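In what follows, structures are represented as structure tokens.
First subunit A sits with subunit B, and in the next complex the same chain sits with subunit C.
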Partner chain A sequence: MRPFAYERATSAEDALRRHAEGAAYLGGGTNLVDLMRLGVELPSRLVDVTHLPYDQIQLDPNGGLLIGAAVSNSDLAADRTVREGHPVLAQAVLAGASGQIRNVATVGGNLLQRTRCSYFQDAAKPCNKRNPGSGCPAIEGEHHNLAILGHSEACVATHPSDMAVALAALDASVHVRGHAGERVVPIEDFYRLPGDAPERDTTLEPGDLVTAVEVPPLGMPSRYRKVRERASFAFALVSIAVALRVDGGVVRDVRLALGGVAHKPWRARRAEEALRGNPVTEEFFLRAAEAELEAAEPLRDNAYKVTLARNLIVRTLAELGEGT
Partner chain B sequence: MTDRLESREKVTGEARYAVEYPVEGVAYAAAVQATVGRGEITSVGTEEALRLPGVLAVLSCENAPELRESGDAELALFQSRTVSYRGQFVAAVVAETLDTAREAARLVRVEYASEPPDVELRADHPGLYKPEKVNPVFPSDTAQGDADEAFAKSAVRVEATYTTPAEHNNPMEPHATLAQWHDDGTLTLYDSNQGASGVQKTIAGVLGLEPSQVRVVSPHVGGGFGSKGAPRPNVLVAALGARATGRPVKFAVPRQQMFATTGYRTPTIQRIRLGADEDGHLDAITHEVVEQTSVLQEFGEQTAVPTRMMYKAPHRRTSHRLVRLNVPTPSWMRAPGETPGMFALESAMDELAVAAGIDPIELRVRNDTGHEPESGLPFSSRNLVACLREGAARFGWAARDPRPGVRRMGRKLLGTGVASSTYPAYMRPSEATARAEPDGTFTVRVAAADIGTGARTALTLIAAEALKVELGRVRVEVGDSRFPKAPVAGGSMGTSSWGAAVVRACEGLRGKLNGSVPPEGLEASADTTDELKGRDRYARHAFGAQFADVEVDADTGEVRVRRMLGIFAAGRIVNPKTARSQLIGGMTMGIGMALHEESVMDAEFGDFLNRDLAQYHVPACADVRDIEADWVEESDPHLNPMGTKGIGEIGIVGAAAAIANAVHHATGVRVRDLPITPPRLLPRL
Partner chain C sequence: MDSEATPVKAEITLRVNGAEHRLDVDTRASLLDVLREDLGLTGSKKGCDHGQCGACTILVGGRRVNACLALAVAHDGAEIVTVEGLAEDGRLSPVQEAFIEHDGFQCGYCTPGQLCSATGMLDEAERGWPSAASEDLRVDPVLDDDEIRERMSGNLCRCGAYMGIVAAVREAAARREAAEA
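Let's turn to the complex of A and B:
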């Protein structure tokens, strides 16, 4: 591992001041430190932000949440208000990683974890995300678990987070502290598609510090379902976060996001539109799924993901619809 | 039911593993892997690495000492400029700290003249050839009668091609060595391996030393599954690094580097044809195998060998074809041969049962045999049918509806499957000593290896029984090349081979004991070489029956194993507690083989892409819900003094076929290419 400086930030201002060129913020380190060992990330300085006062989950009177960026994944998933008011979020967090990892991984770090594409994780191979302009061997190579939506000729990586998929469905926004002050970024604008700059996962500027995630009240049943080869401790092939409000057999409100299909958590707005105001039947669920997946451009070996995403949309909506 | 004797040491962290030995002045090694799949090293730039404070030495083909040839070309470390496969060790750094060594390794600039590697195993690869033998000494091909004609005339026929991917052993403890040279030119290796005697002999040979000049210490080993059956280049990285720096050197292979440098199971392409009459009696069996080896070294997995002894049929043929690719040399992984071969054969038997409309257990019973079909030798004991019957009763097989794809629980499709299991009961000569101590205790020594199997405990039970004393008075010491020479912990032959020598040494000691023990103690030794030569000729094999109950999610193609039952006939079981763990461990690995494990070779770059346990999936606890292993009593007088057949490997054999057969029963879809993942299964549901 390349030698690096380790510093502990005492405040957000202090963190920003210490975050010079080549520095990285350190949360739980469950992804960053692995990537440093692999020579994929080579920060000259780590600024530890886990001791900043962002370790609380605040519930507002309407049922909205403000989740500190340093809250551990375990604490988030175990929080009673989260489990009761936003079960999809608790389920998504619990679907990720292992108990040991969730104990140290933070909310901020979870948002910012990097793709698990094999080529990205091997410093000896080309990868446009790791080394812009070097090429993307995944397009012709091993890509059975890479993107079917929104990818580009430069990158077909997927975002690995489960939590972020739930947050996308929940219309969450990210509180960011930057050199120009504080701002609140809707999660759909926080993540980006690869385009011709896949080295950038998010719209964050250098030095920007994630301080919290704001989740508006939900008030309808929700669910997270993750499909994977083994029963635990694996990244999603495809996952889905759904919230559904039904009244008189008709969809009144719906939120739907997919994981494992794109460079970002994929908010399925076309499907939502196709569902809203329509009857709660498998026929309409299928129509909605197809509306969303029309845009899918599967690679040579991942067309199964289109089927999988379609089935997941239909099935999860049906299961959620049954309970209402 | 005896607890593992060293369990307290292990759970308290007191048990020492290879790189945990405290030595003065230790330094650390890190290895550099080739970043091309085929080519020549044109230069090794070490300047930047050597400039890093704390770097002691950089070793490569440009400065490494000359090594003697061994039978294993993978051990010719830094002896050539030729790169045979991507990931091969091409240089190593020794430094004051591990982090410095790894950073320096990153800074070594190796330049290559490279060519595109040839890494893709195909059934029509022009380089396929017939090896002279397959592992360890089986003929490549066998034939009896006219299998083609018999198959063509058969009333019921199955013809299918099955494939298994490359799989990696992935023991918990990586391959690891601490090498320390002494002033008298001798070398001590604290090493993680499956046999101290073998490592001693091989490494001494490579370094031009007498075996007596190398001591290998390995009392505790964190798993191997075959990959530590012979020394790997890591031993030489440590030994050469220590010699170059005059310091003891530790080298534990990082998980990512294990995928190229510590062995794996070859991928296989297997074409099977079964021809039977309407009652399911086999008339023809052919099993043709295509698999890979490396350009460096031949290793031919004996994949079709179990088909030579499993079921009777007058017309039969087996063959193995290899191709030399720019890949790491494949090697032993738990039940080499039987594991992939029985996946194919037992899947085909299930297909035959469906085609003939015969219950799959009944089909196997009808084709059972008392003589090994190809050799004609009688079986020393063969209780396959007893295992199938006992398993069927306990699994509730009688109530099974054979129709595929008709059981549903919500959106889950349910099914059950069965497969036979087998593994040879090998033995090799071993030595051992037994000592009576003046304090009334006994010390038994043998250079055996306990790689987590419970071997130490089993040998202690065997010694106590032979000495006719209680367990607490016997101490068995293993894992040191100074102890009497012993064969490898492999081929499921450890307990049988070492145990026989232990029994003979203990019997010899009892013959010498008459009353009091002198102050210097009393010792007897044994060597079973002659005893094994004099054995009667029998076909000696363990057998078993594997049952699986699976659910398949109709929307996602996810397969989960709801229940597994394995019933085995493996001679006498020395210690039920650790034996059950071995069998369950094997069956769990079979779940991995069926559903998860697959090392993906990158066609462009020529290396395995999934190089850690996040990407190479083995079963998690949540994948192993209800698993049970048991055995039928089997008393076989033709084996060894203990009556044991070995249990380390049979647990995995047939497990994947039982699961794949259950998936077919659940869904009506026959997946012939492992592992059975949603990407493979969902498009066919």
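Let's turn to the complex of A and C:
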């Protein structure tokens, strides 16, 4: 690992100033320290932002949440209010990583973790995300666990976060502190598709500091499901976050997002549209899944993900629909 | 000038198993490196050094963490318990005793991490924390075998002593509950 200076930020302004001088932000470090050890990240200076006052979960009277960026994944998933009002969020967080990692990893860090594409993590290999213009060996190589939607000729990586998939379904937004002040970015505008600039996972500008995640009230049943290669402590092949409101056997409201399929959490608006106002039957669930997955462009070795996503959509909707 | 080769040092204080240590550490050093190399506490093991195997699990501020991913310099003032600190007054902890009773190991390499992880996990369960195995998040979970397996999934055992490990953790959980009743 390359030597680096370590500093603690005393305020958001202080963190931004140090970043402008060349320091990289350090949260829980469960991804960054690993990437430094792998030689993927080579900061010469780290500024620790975990001591800033962003460690609280605030509940507004309507049932919305404001989750500080420094809240640990464990504390978020254990929070009674979250478990009660936004179970899909608690379930998604619990589906990720291990107990040890969740105890340290922060909400901000979870949002900003990098892809686990094996070429990105191998500093000896070309990778357009790590080294723009060097090429993407995954397209012809090992890509069984990579994207089926929204990928480009430059990058077929997937976003690894489970939490972000739930946040996409929940219409969450990200509070950002930048050089021009504070702003609130809807999660759909926060992440981006790779296009010809896969080195950028998000729309954040250099120095932007994530301070909180805002989650509006939900008020309907929700659920997160994840399919992976072993029962626990593995990244998603495909995952799904669903919230569903049924009245008189008809879908009144639905939110659906997929994980493990794209460069960002994939909000399935076409599926939602196909469901809204229609009967809660498997036939319509299947139509909705197919409407969304029509756009899928699987690679040589990951067409199974299209089937998996379809089945996961149908099954999760059926489970949620039964309980209503 | 070869600035890349020049280590950056920082002074920190760690409280480990009740004893305070002032240390001059390389900023790159993990807590695992410092425990093993500087303090001679070689119970915590370096398995994968990537947070994937759990052999380095220790308790920091009472919470189980992967010592390999924790930069020592970021833990100035931390209260740490390693496997060497689980026993009290020469008596093994209930988790340690249960691992012996149920053969919760074969080669022993993952055992210090398993012991610290189980210790931290039982505290988490006692606080009512759910897991991915919890069906209904509104109620406090009951530690059945599925819950134990899920909660211990951050600790790999290449010998495959999982049957004994789950039995040991189940026993330790039951003893803890009995002690509180």
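Keep this in mind: the second predicted complex is superposed on the first by the 322 of 324 C-alpha atoms of A that agree within 3 Å, B and C clash if a C-alpha of one lies under 4 Å from a C-alpha of the other, contacts with A are read in each partner's own complex, and residues count from 1 in each chain.
FYI, contacts are C-beta pairs under 8 Å (C-beta built on N, C-alpha and C of every residue); 3 or more make two chains touch, one makes a residue touch a chain.
Quantities reported herein were computed from a predicted structural model and do not represent experimental measurements.
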item: Contacts of A:Ala12 with subunit B and subunit C, given as first, second, both or neither; value: neither
item: Contacts of A:Asn311 with subunit B and subunit C, given as first, second, both or neither; value: first
item: Partner chain in contact with A:Gly99 - subunit B first, subunit C second, else both or neither; value: second
item: Contacts of A:Arg2 with subunit B and subunit C, given as first, second, both or neither; value: both
item: Which of subunit B and subunit C A:Arg228 touches, first, second, both or neither; value: first
item: First (subunit B), second (subunit C), both or neither touched by A:Leu193; value: neither
item: On subunit A, positions contacted by subunit B and by subunit C; value: 1-3, 37, 231-233
item: Sites on subunit B touched by subunit A in the complex; value: 33, 35, 99, 102-103, 106, 256, 411, 553, 555-558, 560, 595-596, 600, 602-605, 609-611, 614-615, 617, 619-623, 675, 677-679, 682-683
item: Parts of subunit A lying in touch with subunit B, wherever the complex brings them together; value: 1-3, 37-39, 116, 118-119, 122, 124-125, 137, 140-142, 144, 227-235, 237, 301-304, 307-308, 311-312, 314-315
item: Complex contacts: residues of subunit A adjacent to subunit C; value: 1-6, 26, 29-30, 33-34, 37, 46, 48, 50, 74, 77-78, 83-84, 87, 90-91, 94-95, 97-101, 103-104, 231-233
item: Residues of subunit C touching subunit A in the complex; value: 3-8, 10, 26-28, 30, 49-52, 54, 57, 63-66, 69-71, 73-74, 117, 120-121, 124, 127-132, 134, 137-138, 149-155
